Every structure is written in structure tokens, then in C-alpha cells.
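Given below, in the form of C-alpha cells, are the structures.
Here come two complexes built around subunit A, the first alongside subunit B, the second alongside subunit C.
== the complex of A and B ==
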């Protein structure tokens, strides 16, 4: 434990010791369990990818804890942040999906799930779920849709979004390769499923190199009108 | 104004004049909070073992700046003297500078006395300096070397504590490394056994600790000399990217172009004395 700077006075010399009064010790209800999530929307597909490492501080809790949760046949949600809140939030969403199905006799659409999640999150505005959510799925017309959230429920529809611990490393690369930002004289081809999957794999390999909380394995959920397919790719384990 | 600073004599030790100002800045109003810059720590696993003919030191090669890997191939085994090497964990700048200063002091001593420095002398100098700075220098060091009295392995902590032991691990990954060392260490091992033990201890730190990673460096010190193996074991994770991310010329738009022609005004030739010429 280092000596606090408070022990030194203005002239640089150490202050005389005296009792400063009762000290408050704080308990934090949150923990940061790491993990990175990514979602990409194409013309007729959507991808939701996440790494599978669960960490706390400098330790690893699990090397096989994926952060993508399947909600319906056309929607997958990726949750990263505090694992306790991720588990509770997904349980609540699944319960609400069942209730909707029983009252309305149909599955919720991606847009409806996104709107509902926003109200669930804002309901705990003053003791938030410490979760960064990204929903990926197909909308009613069969086109890919990505909805990204902040911990208290603000959301918008995107073409691609990265969230979680390595999001700041992934997002600029996606802006450049999918959004063709900061480039000129480049042929703007529409994104195919093969190119999107290859891009997601490359981008996570790079994130695992430089972010200590990202690694172990990558799980990609590919959502098309045929259903949801999964691919698992190994990443750095150190 | 600038001149008055130059005329003030330099004060030794750490200067805490700005500490109250820093506290005010950090605890300022909600929007006004300014975070102090964090120094780069090595978040490391280092280990050392004394074997039959000398000492084996090992270290990983990852340097982290909080959760980002700052350096994937950082050298943590520092040269102190021809027969003494030091592994450093903690604040990267502190370990670098402390070991450099120690190395300079021992070189001067060698020149003055005509002798190779002993490991105890290095430990004493380090202890003295770190204790004087009251833990403000965040250097957790493992010193190993072979001198005329035998092979020695010491650890020096940031507050000036010292311990002489036959096997050791330090850094954020020390607990997994110590697990391996406690299980397999025995006295008078031979070289291959000792290298395998240190390498496996560092490997345990690399796999279990997020602050350690990438490659393993080893340094074997005997009375015949030093074998600095960098890297001893390379990281097996070199996943190749599937696509080439190269940009054609013209991708970054050229907005304006000015060409300054440099005029040749005057040309002279000057002969220089070099080591090769007489």
C-alpha cells in the first residue's frame, strides 16, 4: 500500500500524524467481468459475435462463457459487463417473451424486443443493470437489423456496433471496413455473409492481441431466414 | 520569469508540492473531474531458481497499461553486471531506471577495484535506495547472479525489504508460478530440469494471469558466463488474419499540394578524419 499524498503538506514535508475521524469503507454492488460483443447487419443476414472469456480483476473465472443468448428464431442478444446483471436481464427478457407469445399468439419481432428492452433498462434508471447490450436479428422484411443500447436503455438501430471492453478498438476498424469511412476512391460493394464472417474473425484476433479481457474463443451466431447457425473459433488464451 | 526557475537549486527526492492541487483536480465538481495519468505497469510473471551450477531467471514479455497491452515483446530481464541479472516487476519506468542506476554504480565499482561485483553488494545498494524513497518507487525485483562466493537469488521489494531464497516468483502472476515451483523444486537440479521448471512456472503465470502473456525469456547464469535466451518459448498463438488490409494510393484524399523547390546556393567539400583513414 502506498502512502497517500494527503500525508504530505504544501511545503513537501510529511505532516504530523493525527486521527482524522471515522473512515468510510464502501461496498460496490457491481463487478466488471470483461468480454466484447459485436453485431453486424447485412442485406438478408445478421451476425452476433462475442468472445467467451469471463474474468475479474486479473483472474479468469471461465474460458467458456459466451455472451450471446438466443431469444427467438430470428433474434440473438449479446450482453457484456457485469455477469450477474447479464444473467438476470436475459432471464427477465425470456420471461417477457413467453408472456408476449401467450397473450399475442406470435413471437416478438426484433424491433419489438429492442423497444421492450429499452423500457426494462430505464425501469432501473436509479440502480442500473451494468450491461452493454447489442441485439442482432432479422426485421419483419427479412433484412438484417442491429440495435445497440447503453446501460440505462437509450438505443438506436445500426448497421454494425461493437460493445464491451475492446469496443473502442473494434469500432473504428468496422467504421472503416463496413462503413467505408475516412476513405475515398474505394468501390463500395455490399457486404456479403462470407466477407462479414471473415472480418469479424480478423477483428477479434486483433482485439485479443491488445485487450487483456478478450480472448480464449470467439462464438459467432449467424442469423438468416434458414435459422441460427453457430461457429466457434479459438483465440489467444494468455 | 523563466530565469528564476533556473536559479533555484535542485531539491533531491520526490517533490510533493502538487499533491494538494492534484487531490482538488481529481475530486472536483462532477464535470470537472480530471483523472491523473496512470504510469505503465508491467503486470508480470517473473521467476528465478538456483540450480547445481548457477541461477536460472525467467520472465514473460507483456507490458500492460491497465487493460490494454502496451508492449508485446518487452524485456524484463535487465543486465546489472556480467555475472548479475535482474528481473523487474511493478512500474515499468521504475524498474528500468533503478536497474540502470544499479548497473552504472557496479561498473564504476568494478573499474575502481578491478573485481567482479558480488550479488550481496547489488542487493545492498538496491535496498538502500528503495528504502530511502519509502516505497514511492514501485520496483519489485528478483536479482540473481554467480560470484566468487557461489550462486545467489534475492528478492528486493519496493519498500526496501530483502529475502534470500532458492526459488522465487514475483509480479501479478506470482501465485500460479509459485504453485508450479512449490510442486517441482528440488535442490541441485541440472540445467535442463531447471530451465523446464522456470519456463513452466512462467507459463502458468501467463495462462492464469491476464497481466502476463506472450513469450517467455530465460537467462541462465553460471560462473562460465551468461546465456540470455530471448525468446526461450514463443507464444503459440499466432493466428493469421484471413484478409490483407492494405490501402491503394489515393484512398486518403489529397486536398492541396505545394512543392518547395530547394535552390542549390553553395556547395563545399570538407575532408574528415575517420577511424579507417590514417
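== the complex of A and C ==
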């Protein structure tokens, strides 16, 4: 149920509840449903993780609404922001994937999906999809790839990226642990799958502590050449 | 209808149940707050381009209203994207001018650094490089469209389109979106000329003015279309401005960069010197401007095409500067001591 945006402030939280004068209530086509998404790329694997809480304002709509969607055998997309636009966007992507498969007789590669998503998002440049996307998958050579997007389609390939409500909290931690930023005299070991999974779990547990829109459960999709494996870890439910 | 006119509802939307009170939805004030501080200091209207052309399936959305309420910040806001780019035409020696283009790598989104390592100088084709400023998605996409059009031109006409032509093409493609919140400020740096064989030595004075050279076939009085060879730097922005020049600095850190450039750039500097100055200018801009930072990318465009210098992290430069400052302070203290000692000697 979309409630007028005037009752809610900038990030979905309710505004002050006292009379400030006559208020004009307007309809807004957007709502903020919270949620955090994270993706990490390794030498031969990629991880896409998201929490499963769907909220709006002060309420929780669902504790079991994961934000990772499987696109192909080697690609998973994580979408957070406005749930309505996430659903429509994933439907459109899936339809385009099918069309590609039927006309070219092969599945789309991660890079191709990323480029296509950029044009789909920019197609609505003046009434954007309010979705923060992160694509994780394996590229043609089998190496992990992460592509992060902004709501209007600007994208680039990264090694790791966090998006969504707790992204400002998670990204610096990833910069330090995976990117080895701002650390002197440290041995830069390549990231193994086990270490990456453990890191993602720790990072989400921390995010659930401090961000009200993140919690309930964590779903991790692990993409390797064997296929896509899922792991579900419980988080704080308060 | 009379009542509509009285209420100020000039164009009722097709889906009235979606609409806000329309009295406020026309003529939105400038949306500089959306663009994180306004580009180029001017008001920037986001009026929808004409209501008349809407098909029945389109919602009429007074964009400014919704976007003020929504937390979307379009990825990279304009000024904050601040690539301080400098493009200078250098002289290696009078017959081999070239262009140096430098940019920082920070993309921000209203206070958050969305990406500390974004490439702001994008190669378009082998002899054309474009720097980007404004909203990243807009810049990336329009550069891509421009690259496609230039490729088609090359295939159809068997020659590369000149930088001036590319700039005109980009400017005309952006024109229908004038007045919307599209925000692109690009500088196209390219080398014109068929290939190195046809390159004419250019004298210092006329390096950038079209030299009216007669082509082989037209040696008569008629002025043929001048074959311009050499480097060109042209600034194109989504307001419709298209400017040719020798030195540009664009973005929120540009005033700081201009100060370095204006004092150090001269006609006839070497490539090494130019690289140094470009790097220093970006460094100084990152020092003072909050929205510039992280690394510096440097491209060099010559007759052979563009070449890229490795991305340099400016963090090291800050530490080196601290060292230099420390050395300077120590030296000053030593001098002062020496002067005091000699003074004491005299008084006594």
C-alpha cells in the first residue's frame, strides 16, 4: 500500500507528529521499502547477499522477501529500493533475457546483462526506476564480476559493492577488508570463498545492529562454475 | 473550462486520480538542489518538454515535485562529480602539438562518495577522448551514443569525423533535452587529420585556427574547405554551449585548477612539463574541493592516438607534500637560528 509521501520524510521515516500549519498532501509514485544488498567478486566465484526484510515507514511488511533474483546460471541480481519497481524491473529483465535466448540461441553473459540493464534504466531517465541494482556473476573467463548501478543506469565493474539502506555503513568496512584501503604494511592475500562468506555474514550482522531497515534473515547466493548455491542465515528480528 | 482556468489547471492530466494539485506543478523553481548545488551557477529549469506531445499511455508527472520528495539522487550529482579536467594544447615543438587531459576519479551522490575510482576521461575512438562532468549516467550514455554515431560516420564516409563535427553532433543531439534535468558537460579532445602522412606542419600562431590550405585538387582561387589537421579541444554542455579553446577546466574544482593552469601554462611547453602541470592542478583542486579526490587519470592525445598514463593515487602525494613541508620548516628554523647567532655576535 503506497501512502502519500508527505506523511513520510526523505528516507521513509515518518515526519514530526505535531501541527506545523496546513500541509498539502501529494501523491508520490515512490515508496522506500528498505533492504540492503551486497556483492563480492573473487578469483573464480561471486557472492550476492541481501537481507530479507521488506519494510515501509514504521512497519515491516514481510520478513521473507529476499532481494536477490537469479537471472541465468552464472548471474544473480540484487535490487533494493522501491519494491514495486524492483518487481517490474526484474520482470522486464527476465523477458529480455528470454528474447535474447530465443534470437541468439545462447544465454546472456554478465557483462551483456549489465550493459542491457544500463539502457533499460536510462530509458526511464525522466521518471526513473527507484532501484539500486548490483549484478554479481561470472564473466566469460570464469572470473567473478560485480557491476553496480545507480537508479538511472550509470554503471561500472567493481570487485565489491554494497547498496541499499545500510550501504554507507557496509561499504567502508568492505573497502578496508577486501580492498585493503588505509592499511599500511599488510599482506594482501587473495580472497577465498570461505573467507568471503564469513565476511559477508559478519558485515550483515553489524548492519542489522545499526540499521532499522536491515534484519530478519540474510540470504547469500554463491555463484561458482558448478552453479548457484544458496545459504540462509538468521539475523536480528527486532 | 472556466472553473479549471480559475483554479489554474491549464492542462488536466489524463489520469486525474494520480495528479497533485496542479497549481504548483508548473514552472517549478530551479532544481539546483537536485543537482547538488547547481551547475554553472545558473538556474536550471526542469519543465517537461511540452505537454502537447504526450501519448495517452504516458503519465503526466511534474518531475520536480516528485524528485524533491524521493530520495533518489540520480547517482552522481552534477558539480559534485567535479572532474577537474584540464585540456591544454602543448607544443612539443611547433609541428607536433598534442593535448593533455587530466581528471580526478571521485563520483559523489549528495555527500556520499558513491565511487572513489570512476573513470571520467572516456575514450570515444582512437583519436578522440572525452572528459565527463555532470550526471554520470547521462555522460556515459551520451558518450556511447556519440561513439556509435562516429563509427557509423566512419563506415559511411571512409574518414573520421573531425572533433568540431563530433562536438556539433553531440550538441545537436542534446538540444532536444534542453530544459530537462539532463546534465552533461563534456570536453572533446581529439586529433583531426586523415593520417600522419597528410599532417601539415603547423606554425605556432595558427595551431588552432583553420589553416586555409588548398587541397591538391583545388589549386584555383576558390577557397576549398580547409583541411584542418591537428589537435582540437572543444567544450560541449547540455545547455547548448559549444566552445573551442586551448585550455579548459570544468567541474566544481575548476577554479582551483585554473589558478595553477593560468600561472604555469605557456605556449611551447614540453609534454613532461604539461603532464606535471596537469597533475598538479588536479591535485590542488582535490586539496581544496570536497567533491574532487582520490586518484588522477591522465590522457595524452597525439597524432598517433591517445595514450593513457597509469592512474595515480593522490594519497601518496599528500604524504610527500607533508614531507616537503617538514623539510622547509626545518630549513627555515635553521636559517632563523643562523641569523640570531650572527645578530648576537654584532650586539656584543
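One rule holds in what follows: the second predicted complex is superposed on the first by the 213 of 238 C-alpha atoms of A that agree within 3 Å, B and C clash if a C-alpha of one lies under 4 Å from a C-alpha of the other, contacts with A are read in each partner's own complex, and residues count from 1 in each chain.
Here, contacts are C-beta pairs under 8 Å (C-beta built on N, C-alpha and C of every residue); 3 or more make two chains touch, one makes a residue touch a chain.
Only a predicted model underlies this, so the values are computations on that prediction, with no experimental measurement involved.
Student: In the overlaid three-chain picture, which partner chain does A:141 touch, first (subunit B) or second (subunit C), both, or neither?
Tutor: In the superposed model, A:141 contacts neither subunit B nor subunit C.
Student: Identify the partner contact of A:194: answer first if only subunit B is touched, second if only subunit C is, both if each is, neither if none is.
Tutor: neither
Student: Considering only touches as defined above, state whether A:238 meets subunit B (first), subunit C (second), both or neither.
Tutor: So A:238 only meets subunit B here.
Student: Going by the contact rule set out at the top, does A:226 touch subunit B (first), subunit C (second), both, or neither?
Tutor: Touch status of A:226: no partner.
Student: Would you sort A:185 into first (subunit B), second (subunit C), both or neither based on which partner it touches?
Tutor: After superposing on A, A:185 lies in contact with subunit B but is clear of subunit C.
Student: What is the contact status of A:24 with respect to subunit B (first) and subunit C (second): first, second, both, or neither?
Tutor: second
Student: Quick one: is A:126 in contact with subunit B, with subunit C, with both, or with neither? Answer first, second, both or neither.
Tutor: In the superposition, A:126 touches subunit C alone.
Student: Output the subunit A positions appearing in both contact lists, the one against subunit B and the one against subunit C.
Tutor: Touching subunit B and subunit C on subunit A: residues 5-6, 10-12.
Student: Name, in rising order, each residue of subunit A that touches subunit C in their complex.
Tutor: 5-6, 10-12, 24, 26-30, 32, 118-119, 121-122, 125-128, 130, 148, 150-156, 158, 168
Student: Which residues of subunit A touch subunit B in the complex?
Tutor: Residues 2-3, 5-6, 8, 10-12, 55, 58-60, 165, 177, 182-186, 198-199, 201-202, 205-206, 208-213, 234-238.
Student: Which residues, counting only subunit B, touch subunit A once they are in their complex?
Tutor: 11, 15-17, 19-20, 22-23, 43, 62, 64, 67-69, 72, 134-136, 138, 172, 206-214, 235, 237, 239, 241-243, 245, 247-248, 250-253
Student: Which residues of subunit C touch subunit A in their complex?
Tutor: Subunit C residues touching subunit A: 18-21, 24, 48, 59, 61, 63, 65-66, 69-72, 74-76, 109, 112, 114-115, 118-119, 135-138, 140-141, 180-182.
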